[in-house]
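Each of the next two complexes has chain A plus one other chain: chain B in the first, chain C in the second.
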Partner chain A sequence: MKKYLSFFRVRFSTGLQYRMAAVTALTTQFFWGLLECIIFKVLMESNSVAMPMSYSAVVSYVWLKEAFFALFNTWAADNEIFGMIVDGGIAYEFCRPVSVYTMWFSRSVGSRMAEAALRCGPVLLGALLVPAPYKISPPSSLFAFFMFLLTMILAMGVTVSFCMIVYMLCFFTISPVGWRVLLTGAVELLSGAVIPLPFIPQPYRQVIELLPFASMQNIPLRAYSGDLTGDHLLPAVLLQVFWFVVMTTIGVLLCKRAERRIVIQGG
Partner chain B sequence: MIVMDNVCKSYKVAKRNAGLKEACKALFHRETEEIQALKDVSFQIADGEMVGYIGPNGAGKSSTIKILSGILTPDRGTCSIDGRIPWKNRVEHVKQIGVVFGQRSQLWWDIPVVDSFELIKEIYSITTPAYKDSLEELTSLLQLEEILKTPTRQLSLGQRMRCEIAASLLHRPRLLFLDEPTIGLDAVSKLAVRDFIKKMNTEHGTTVLLTTHDMQDIEAIADRVILIGRGKVLLDGTLQDMKQLVKQENMEKKAEEGKNFKENEYIQADKYVEENANGEDKERFDNLDQVVAKLYRQLDIL
Partner chain C sequence: MKRIYSSAHLYGRYISVILRSTMQYKFSFFLMVTGRFILAFNGFLGILFLFSGFSTIREYTYGDILLCFSVIQMSFAFAECIGSGLKALSGMIRRGEFDRILLRPRSPILQVLGTKFELGRLGPMITSVLTLIIGILKSQAEWNFGKALVLAAMIAGGTVLFLALFILGASFCFFSIEDGGILNILTYGAKEHGKYPVDIYGKRFLQVCTYIIPYAMIQYYPLQYLLGKTEHWQYGLYPLASIVFLAVCYLIWLLGLKNYKSCGN
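Let's look at the complex of A and B:
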């Protein structure tokens, strides 16, 4: 266990290394969040009757999404791992007395948490300082806040185990480009990164909510504002656990297959 | 104790001619060629031996190292290292070995070298006193004090390579596999690395298997040389044996030439042979690169 914690630590300290990168990313996220809030305001004022979420819930959703962006985005997977698979740098990874899957898993969790820890504070502070309709509201209840934390951890687990599958697939296709292009479009939409999933019309919404991508940021960001609560919350959490177990299993199996047929490129 | 027995490994290589037309064709039909990287490679290395593993580019040296370190699974054949099968008991096996790939880096690019070392300490579960001991010894032997606190990305190649070697030895492995460890090093660093490897062998009894294209590495370090070409072990002996082989062949050739001359009665054959063997050729046999180049040509493995 200590071994895997140390991967986490190294990624964390690497994340802290680049101050300028953090500052620029912060600025982007802050303005992006503000822009989204404004767009949704216009949208909801034009037709306020049939809106599936309250405006304050949408605002919280947007700001939390930007603040914890690093925990949930699937397309910004660890480039170093892709690099190692493509150019053969994994030779050293396989010389370590640890499981490759667990090593990369803790490494991904480490870098995501490091980035999120750096960014969430300032973004949330900004979200508290903007004027009224765009300001983030406090969690709907203490229970909602607790559920937000719990589902956020699960959502990160689902996201990372999904990325692990992508890494493993790269062993078989060599170039990661195809997978990543697919991810930027499809998963962004299906996970609720573009618009919150409740805005997607039925019957599509029903299907999408069962997919693993809906078990990512969709759940915690809606649990916070109380949009997802009561009878709907428990099945959602169970679905998260289900997808986490399924995707981790697939990832581990793929990893075993990859280990057997691995070829180290480039001498 | 390392035992390799009839190990074979082949790769599939995609091939096509140059040009856009050919590239489009390859979208639908891809021609692959099976390349036999290793064909029935067998050898044994006893504990505490220092062995040089040489051969021309693409001979199968790195493939052998990767099989021995449990990264690659061979197609056929057996390999046992202290009773372990590397690719089957990978995690158990790699605890006992240290590997340096001269062309790759195991140090984290962005953080100071010493942070990478600490991570390696955790990965191999090295106890703190043992870690301190190793670090102290490696730091003084490889002259690392100055560079330990620098991020890896700001090190020169030679500095980095010394750190790489230290990183591979922190857990005090009993076996050390070095894949071109002196690539790109300056004379001073080369000498330091060679001395260091010898010291590890004499003081800790580390078994060393080393691949390199620098024949002086071999001369300085290896008591025994295994020569591999086109995936086959062609020679297993000392450097002296190698020289002898080239010399012999050379003499035979010269004698042959001499005979022809004698028939023409221009020059006395014996004198010719003697002159050539002692004069210009003597110099040639002192230059190891020449010897090896000759040997490669002679064995037709280029």
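Let's look at the complex of A and C:
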């Protein structure tokens, strides 16, 4: 356990080094969030039809999505790992007396958390300082806040274990870029990164909410504002646990297969 | 004239080499195109789903928004396909590869452009063509020959505008070794949020997009003309402004080139 913790620590502290990159990313995220809030406001004003979410819930959703973007995005996966798979550096990874799966898993968690730790503060501060309709509101209750934290950890677990499957699939093709773009492309909409899932009309919504992708950012971001609460929250948490277990199992199995038939591409 | 011809010939050679090497990884290329297509298609589905609950957004219909969406997507896809070499410039400078380019008796910008030609970037084109067709059929515009020309000018102008922004971003690399990531707000941001006509974001925003970075010139103003929301036929000519912007960005590039100090080996 201790060695995996140190893989986590190494990635965490390298992640903190890139401060300049963080500043640019912050500006991007802030404007992104603001423009998104404006669009939803205009949408609500132009139409009197009932919204599937209250406006303040949408605003919290958008800001939290931007603030914790690093935890949940699937396309910004660990480039070093892809690099190693292509240039043969992977051979060293297999020489180490540790499990490749667990090592990469803790690395990914480490770099994601470092990035999120750097970014969430300033973005949330910005979200608190913008004028009234676009300002983020506090969590709907103390319970909602705790559920937000709990589901966020689970959601990150599901996201990372999904990315692990993508890494493992890269062992089975020569150039990893294709797999990566294809799989992560599919996730965007289904996880609620494009629009919050409640805006998707039935019957599509029902199906999408059962998929593993809905167990990613969709749950914590809606638990915070109380949009997802009571009877709907418990099954959602159980579904998260279920998908986490399933995806980790698939990842570990794929890893074992890859280890057996691996071909090193030079190096 | 002869110089232009030989530059075009050289660029053609660059592209043919790159294409042949891409085709060595056919399966990966196929996955990439499909993936990029899906990514862009998500944006379309987002609009489709949002408009299943709403009918208009500030007097723009679903068709109008799709028209706007497809113009931006298409011009961005063209620009990224041609200009990805510019995005990789900061890495080239850091590794010292740019010095090699300067030694050759050809235009540096042509050589930088020639390092990459990402055909896979055309994946979103499938989505844009699809949405363009729906947009043309469903928008409020009453089509005639002039309007068709304006639509083509919007797409061409958009490509020029995004290319100009890539050049601007690359020029920043001459002044600081840090990645010019700040420009991503202007390019990716425009691609992402430019699917709605810019006046939706408010008057101040429209002013910024008219006078500072002329997005509105290829998007908002000509769109007003297409949709018949304005009396000014001149709005149809506004996409030409992107050429002026390109000239300004090219001047900044030349200025940066003069300022360039090698930093690698």
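Everything below uses one rule, namely that the second predicted complex is superposed on the first by the 263 of 267 C-alpha atoms of A that agree within 3 Å, B and C clash if a C-alpha of one lies under 4 Å from a C-alpha of the other, contacts with A are read in each partner's own complex, and residues count from 1 in each chain.
Everything that follows uses one rule, which is that a contact is a pair of C-beta atoms (placed from the backbone, for glycine too) under 8 Å apart; a residue touches a chain by one contact, two chains touch by 3 or more.
Remember, it's a predicted structure, so these values are computed and weren't measured experimentally.
> Which holds for A:Leu43: it touches chain B only (first), chain C only (second), both, or neither?
Only chain C; A:Leu43 stays clear of chain B.
> Check the residue A:Gly121 against both partner chains and state whether it touches chain B (first), chain C (second), both, or neither.
Neither partner.
> Between chain B (first) and chain C (second), which does A:Pro235 come into contact with in this model arrangement: first, second, both, or neither?
neither
> If you tally the residues of chain A touched by each partner, is the higher count for chain B or for chain C?
Of chain B and chain C, the partner in contact with more residues of chain A is C.
> After superposition on the shared chain, which partner residues are touched by A:Pro133: those of chain B (first), chain C (second), both, or neither?
neither
> Go through the superposed model and pick first if A:Pro97 touches only chain B, second if only chain C, both, or neither.
First partner only, chain B.
> After superposition on the shared chain, which partner residues are touched by A:Ser6: those of chain B (first), chain C (second), both, or neither?
Once the two structures are laid over each other on A, A:Ser6 reaches chain B alone.
> Looking at A:Ile262 after the superposition, I want to know if it touches chain B, chain C, both of them or none. Which is it: first, second, both, neither?
The answer is first: A:Ile262 touches chain B but not chain C.
> Write out the stretch or stretches of chain A touching chain C in their complex.
Answer in residue numbers: 20-21, 24-25, 27-28, 31-32, 35-36, 38-39, 42-43, 46-47, 49, 51-52, 173-186, 188-189, 194-195, 199-201, 204.
> Inside the complex, what are the residues of chain B that reach chain A?
Chain B residues touching chain A: 11, 62, 66, 69-73, 90-92, 94-95, 97, 99, 101, 103-106, 108, 110-111, 115-116, 118-119, 122-125, 151.
> Going by the contact rule at the top, pick out the chain A residues touching chain B in the complex.
2-3, 5-7, 9-10, 13-14, 17-18, 88-89, 91-92, 94-99, 259-264, 266-267
> Write out the stretch or stretches of chain C touching chain A in their complex.
That would be residues 25, 27-32, 34-39, 42-43, 45-46, 49-50, 52-59, 178-179, 181-182, 184-185, 188-189, 192-193, 196, 200-202 of chain C.
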